[in-house]
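One chain, chain A, links the two complexes that follow: it is found with chain B in the first and with chain C in the second.
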Partner chain A sequence: MSAAPSKNYREYASYWSIVWEQFQKNRTAYASLWAIGLLFAIATFAPVFASKIPFYWRDESGLSFPWFRGLLFNRNVFDGAVDLFFNQLLVASPAALVTWLWLRRRARTMEVRHYARLERRVLLTWAAAFLIVFVVISQGMEPRTALLDYRARSWREGAEGFLFPPLRISYEDTLHGVAGTGVRNLLGIDNAGRDIFVRLIFGTRVSLSVGVIAVSIYIAIGTVLGAVAGYFGGKADLAIQRLVEVFLCFPSFFLILAIIGFLPQPSLIAVMVIIGLVGWTGPARLVRGEFLRLKGVDFVAAARACGFSDGRVIFRHILPNAVGPVLVNATFGVASAVLVESSLAFLGIGDPTLPSWGRILAYGRSTGDTPMMLIAGMAIFVTVSVFNLAGEGLRDALDPKLRK
Partner chain B sequence: MQRNFAAAIAQIVVFTLFCVIAAYSAVQVHDLQVLVLDGNRRVDELSTTVSRLRNELETGSLQIGAAAPAAAGGDQPYARRFFSDAQWEQLSRPGNYITFHTDRRSVPGAVEGGTIHRAAIADIPGLNPITQNAADVSDLYSYVTESLATRQRDDPDRWVSDLATRIEVNSDFTEYHVYLRDDVTWHPAAVDLTDPKYAWLRGERKMVADDFLFYYQLATDPQVDAAHLRNYFEKCTGLEVVNDHEFIVRWSEPLFTSISATLGLAPVPRWLYGADEDGQLYDAAEVGRRFNNHWYNQMAIGVGPYRFVRWVPGGAIELERYDGYYGEKPSIEKIEVVVMGDATARLNALRAGDVDYISVEPNQYATEIVGGGTPEFGEGGNLAYQTYQGTAYRYLGWNADGKYFNDRRVRLAMTHAFNRELILAQHFHGLGRLITGNFFVDGPDYDQSILPWPFDLERASQLLTEAGWVDGDGDGIREKVIDGVKTNFEFGMVTYGYRPEFGAAMEHYRNDLRSIGVVMNIEPVEWAVMVERMEEKEFDAYTGGWVLGWESDPYQIWHSSQADIPRSSNRVGFRNAEADRIIEEARATFDPAERTRLFHRFHAIIHEEQPYTFFFSGLEIGGWRRWVQNVNFSPLRPFDQNMNWYLEPHDAP
Partner chain C sequence: MTQYVIKRLLLMVPTFLMITVLLFVMINVVPGRPGGAAEAGGGSQNAQQSANAREGYRLFKEQYYLDKPILLNFRFLLDRQDVEAELETIARNMAIGQLGEQAALEVGRTAAEILTQLTNTEYYALEAQLAAPELTPEAEARLRVEQQNAGFDRVDPIRPPRPAPGRIRDAENRIEDWGDEVVPQLLEVAHDYVHVVPVDAAAPWTDGHGASASALGISPGATTAQIDGVTWRVDSVLTAKVRYLAVQRLTVNARRRVILRDGERGSAEEQATNREIVSENNRLASWSYGLDADAASIAETLALWDAWYADNQGRFTRSAGRNAATCLFETRFARYLTNLFIHQDLGISIRYRRPVWEVIAVHWRYSIFLSVASLLLSYFIAVPLGILAAVRQNQLADRGVGLVLFIFYSLPTFFAASMLTRYLTASSDIEWLQWFPVSGFASLDATEATTWDRLLDIGWHMVLPLACLTYGSLAVLSRYARTGLLDVIRSDYIRTARAKGLSEWVVILKHAVRNGMIPILTLLGTTLPVLIGGSIIIEYIFVIDGIGRLMWTAINFRDYNVIMGVLLLSSVLTLLGILLSDISYALVDPRISFD
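Entry: the complex of A and B
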């Protein structure tokens, strides 16, 4: 160990670790990043705070764990893909934490090159395993188990032991005339008798998933098209640029409204996909610009000289260097996608049973319930703001001229 | 530094002085204003008293120096003064189907004159008297024109004379002989009559029998967009003009609906709608086609107490009292209907005094009136409100031709699982009455002795189990084997998506159904899609509503022959032999008591069969400035347009 050939992970300053250092120096942006993390945590752990299903339940027929089962394996509790996704995240979070700690320990002792490879592999394995499990659970099976009315039973004879989450309310519960919720409604109830606070925290799931997935879709489309346009130039560039111009000349929100008009019953997934299909022009132009710049740089010429295929040059050599501006664009994109989803829900478009913030706002407006409007509006405002602030921080951190 | 400091001090002193002077003068002006206003008020009070006195003198409720009633016809009914001797003789001769008014348009003490400003929710699409069937247009026409006879507004079982003095009906109600008043004149056309182009419209015109014939011809002309009217006259064989003041209407078979169709005949002037803008009469074959886009369609004409003055599309409609009206004239001189699309704007306009009467939205009722958001509605405030019974009702329709709701027990279970009382109270602010059947809740045909099925989830579960829907596999959802296929009880509820209270109500219903093992998916759709799906019968269940008349013929909605016709109103596929028999029998029954008995039986069948889950018949709310006096509501459409309202004098805003 006396003659280490290269520095270990901690001492090595890659491009991204410089960016990360710069980012941390921007206090607002760093705090916003924590806030985003907190939002994701709220979204993931929402059922821990609020559910009408107890963690465990014991009566004459024995001990059962309806809450744990309900997370993934009882569609009578959670039915939507968004909920299932976050529930799976919740279930997987302890294992993910363990993996992360293990990786940190390895990083202390491993060589940088080896560690980087290990990290990439572990990450990819995790993502792939997670997605496969998600698809299998959400599409491949439809497990249902009859549910007892635990809330009502907890007040009657026969319940020997149980533990409910702090709020004994699910977001779709209509509480008029329902006894046994145990707590007062923190922010009151809406016109259908549903607890606003619980809907608000479950609404985080809707907003974040729409933001992230819609943006992923359009970043993917935009990156590929932009890369093709920038790298090959000529007719491909011409065609793609004209397509971009055609898309740009429609105001995007009205385009989204128009497309949704064709769907008789737009689900949340449809909303995500449509936002994704409409928003790709920005990243496409960014990526094209980056490619035009990098195409003539020496390392690309070297890669080409080695006889690498176009695909390899594009994805392995140019794209990693062009990803900075796209990332900034994506962060702002999440903010605007959250806003678009809220606007659509406010206009009454989409699944009416979902606890979307825009819908809470609309109910508040139509029933003249000002606090309800303010709360939902604040939630939207905070989410959009933290994503915008983080995006700004990232933009500044990527800019070499602004280094501190 | 020193100079700056001094300058600042000087500035502050000057500014303070200025403020004091300004405040002083403001107080002075205010005092003066108060004095002037007080003077104005006194003058107003004086003129009110004078006009009230004059009114009482005129109407005979006040006599000077004499305690005895007025000399001429002391015990004559009030309505007598609006008929000539010959007309009165015609009216009161035995054998007349109609009688005279007992209500009055000017109550004792009413103040003469003034303009009432009413807020409308939406602009009208046009003013054609035949092709426009929107409710707000017909409400407007109730000021402008009249029909042969009407149901008396405060006593709807009484048919009273308007344009006809006498209607003789033969024994099986297939021939109506109508005698018209001879003193009815048409309003002047609402165009600039000084313009030489309209010289042909000058002069006074009498209403004659031919105006009714013209109405009938238009209503039955296939070229005219009046499908909604053709329905009523389907069995009418014709209208024969005897002379200018007499005509005969014939029907091919005895139908009780012929009474309201015949008595509801309204005149349409051939001299106006049968001619182009230059006064050239159209060819007889062309009239119907031209009528749909007639040049006068942006204006209205009639023979009623108010005459149409102008319509500014998107803005306002103005009506003015017609001096040549034959009957009792209402107190209010002008009516202005202002379009205000936004509910909050309407309420604000009422608070500011820009409008005098609005219809209040249920949500506003909850927050502004009951919730106290608008304190002026409270004790001592200058706004008043009242709820009144509307004729519309809400229901959930079950597709009896589908696989879920073809069993009476299932539909009944659905009703038992629908917590109507709670939902009405929570989501509709209690603005309605639970109903059990298809007739107007205050009308004679509705059987008040039938009580709503109670909310009872256990009974609902039991009924579903009896009907074969059981949860055999323990997944919390009931299922049944239909044609060899195991089917989960999971159905779609089509709702109109933009009404939040319906969404909320269905949300509640969904949870209750879920607890008895039934999955309901809410499908909110736009209105156009909703209509399409209802007419194509592409639904398991839907939330709907009907608007009813005082009496209604159940044939269109409930007769089994309508269930198999595409795009009919029997969307749920209700088929019941006894109900069919009752509908057919009742159509030819002219004794109201006998018809009521039949319809009570029909109501009982509907209640047993539950083709709909009847929900509630809504209350509506009117809100007005307290200077509008004698505000009262009629059990008939238009509920809030009684002509005996009057205005206390007040400052125009």
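Entry: the complex of A and C
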């Protein structure tokens, strides 16, 4: 639970609030957490900076707002599930901000325990609503619709008023589409005539979504298997241990590459899923260890004595206490998933139109364009670094020996 | 200790079995068929070329056992009807024009034309008016509109329906994959298949069905049949086509598998057997007849087949035991396991046309060199750095080392490698920075140089790849070394050593380091897979023909046996590596005992 400024709060200082305080004391880690936030903000607000569609448009047929409509309901603007997801975040962000401010105000007047429940409910409602809208739009959308070429029209006489984002360009645009329409290229263009800067900021979406979703998949698998192995022991443990051993034996990048190489058209989603399916052994071992440790502790015995079901003991009593190391693992995992994705893109696997940093780097390498290589490489480096730094900070914050 | 090692080795057996099964499932479940490229190769060429491509693909499937079912083989249950159904599908697709069908179709077409004229009398009447010489433009326009309103219904000539292309391809593949398991059925079909149609059938092309002439109690050449007192007509065209196809299939399906595969030498005896099989196969290939052959030559060909079948009956007689064996062992999975465990054979590389063992052995040495050198290098650099950081804990040196290694840790390998090749090799723009060769393991003309020169040359080539392969692992290793030493440095025996008046260096290097480095040994087992797998990008960028590049090309080429071989081998090595690091752990630290 996040720090709710309340008088009662001090008295109820929970485990996580102590961890949070420790984390804040580590300046580098705290700064990298902000940097991660900034990266997510860039990913979310990318269309505000760069889009070939104007915010508003007025001509003889009247006033329209193509950008706002296009974010969710036009495949020309969002180009895949990942873009749609971030666009939806963008649309939802003002409402989320309002909700958050409201929650902060409530926190001042409410008792901590009630506030925690309220916060949990609000969070769950938000997540559910977000997911439902996402599924409805992504499944219910018809394929691409023809779109007015606003950029070309803005130079003709019909347009009476319009406002474009600062960069009138989308990450797929090639030189032929944009010549002579008042487009500026901040960092130049690549060999296919696409704007590097725009691809770079949209690349944030690709990297972050692969990192977060792949890691979520393998944390989920690993947690469940590790919990089962650690809690039940015996044959389940033996079988899961052997399975872990089997997966540990494969060089994971080989395995990922082999599976993805077999797919005829590996999409970004496939990359996420396969990284998720291969990487679960780490968290599984961690969770198993934690469960073995916690199984014999009094509070678990008490929970069992109360007659709670195994599922309840696992998920409500042991798991919350085992989550720390898993969280650290996940943070480092995001960094390595970003690396794996960009390595795959660097090798040329996957959708060639995707604005992936690894692919930008590969383009730069093949054309000898050093600035392009540097920019893309630094983007990967910074992203990987901030996640690693945050992971280290979290690990130190969780370690009771290092408490200041 | 011995007991522990044996126990661990025994535990490796189920793990290894699981690995093999997992790999098999992975290869067979993922979309895209092995050798799909080879099949696609036989595209739009002329008939002879596409027949050659087809035969090539069949041999390919046979060699890699891709014609067998994956897990269980129930093909001994196939009966005549199954074979007939597939042959009929193919027969319905055969070119029309032989066997007097052309004339029938001509009649049908003329009839359709006449019917079209009769149903569109109004249209044709207007057409005649339009043909009149003196017609004003307005009148013509009016007539055209009228004609359009009258409409036009074309009556299509009736043609036999063709099966969908997918169905035909499936039928061809299926009957090809069945191989010699359907030879008796094919022979029966070739002898006495008849296609009977009810005399008054509304749809003569779909109402009929195939049957055995002897079961109907008619001679194979009869033109009518009586079934339950109803007269049926024998569709002579389809009958002839199916029988013809059955013989055609026999010439392919009756062939025996060659025992020596591509790239295999074999003993003299095996070579002799192989030659015998090939010559018999070639003989069988010529025992067919054309679609327009007369009865005498057909009978002659069938007599050849009958004699051959009588000689080779042993191959085709079935018993319960044999069926069970077929069901379990004539499968891809069984073949894969027997090859692996009994023949220690990983199969043949589709790309190199050589046994996978050889291919891997050729490429392996480069990767082993890189991995071992990088492992040694990283330990040599990381351990002293870790010791330094521990001795100067929280001082400038510690933080500096930590920072630099952290940057290395987060720096993507491919980025660093690309930048290094861009600036420090012959491709650099700056002339005095062109220190290193761009790529390769050694210079191409290195064979003529002396041994020393060659070593130097290889070393020169390996500087950048080794640097790129090593720098990433330094952070983890040195951190382990640092914490390992810090754990030890506070213990009593170190204080004792200092109290004895030993110099700080002796205390650290002789007393502390020995115990403090134990944790770093455990890392040996886990770095191994990283080293094996991690070199793919390095080898890709620096064009070194190691395992990583082999894997990369194999994936692009769908060379399944090589992929399986590499994954199997590296997993076994990793298993052994983990075991070794556990044993060395016990050897180094007397406190640890596995007994």
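A few comments on the model shown:
By our rule, the second predicted complex is superposed on the first by the 384 of 404 C-alpha atoms of A that agree within 3 Å, B and C clash if a C-alpha of one lies under 4 Å from a C-alpha of the other, contacts with A are read in each partner's own complex, and residues count from 1 in each chain.
FYI, a contact is a pair of C-beta atoms (placed from the backbone, for glycine too) under 8 Å apart; a residue touches a chain by one contact, two chains touch by 3 or more.
Because the structure is predicted, anything quoted here is derived from the model rather than measured.
Once chain A of one complex is fitted onto chain A of the other, the partner contacts of A:Leu123 are absent, as it touches neither chain B nor chain C. Of the two partner chains placed by the overlay, only chain B lies in contact with A:Gly193; chain C stays clear of it.
Shared-chain residue A:Gly368: touches chain B and chain C both. Of the two partner chains placed around the shared chain by superposition, chain B and chain C are both touched by A:Pro264. Of the two partner chains placed by superposition, only chain B is touched by A:Pro352; chain C is not.
By the touch criterion stated above, A:Val48 is placed in contact with neither chain B nor chain C.
Look at A:Val98: by the touch rule set out above, it reaches neither chain B nor chain C.
More residues of chain A lie in touch with C than with the remaining chain of the pair chain B and chain C.
Residue overlap on chain A between the chain B contacts of one complex and the chain C contacts of the other covers 264, 368.
Contacts from chain A toward chain C in the complex involve residues 242-243, 245-246, 248-255, 257-259, 261-264, 335, 339, 342-343, 346-347, 358, 361, 364-365, 368, 370, 373-374, 376-377, 380-381, 384-385, 388-389.
For chain A in complex with chain B, the residues that touch the partner chain are 76, 144-147, 149, 172-174, 176-177, 190-194, 264-265, 348, 352-353, 362-363, 366-368.
Residues 363-364, 366-368, 373, 419, 422-423, 426-427, 471, 474-477, 497-498, 500-501, 503-505, 507-508, 510-511, 514-515, 517, 522-525, 529 of chain B are the ones touching chain A in the complex. For chain C in complex with chain A, the touching residues are 14-15, 18-19, 22, 26-27, 30-32, 406-407, 409-415, 418-419, 422, 427, 526, 529-530, 532-534, 536-537, 540, 551-552, 555-556, 558, 563, 566-567, 570-572, 574-575, 578.
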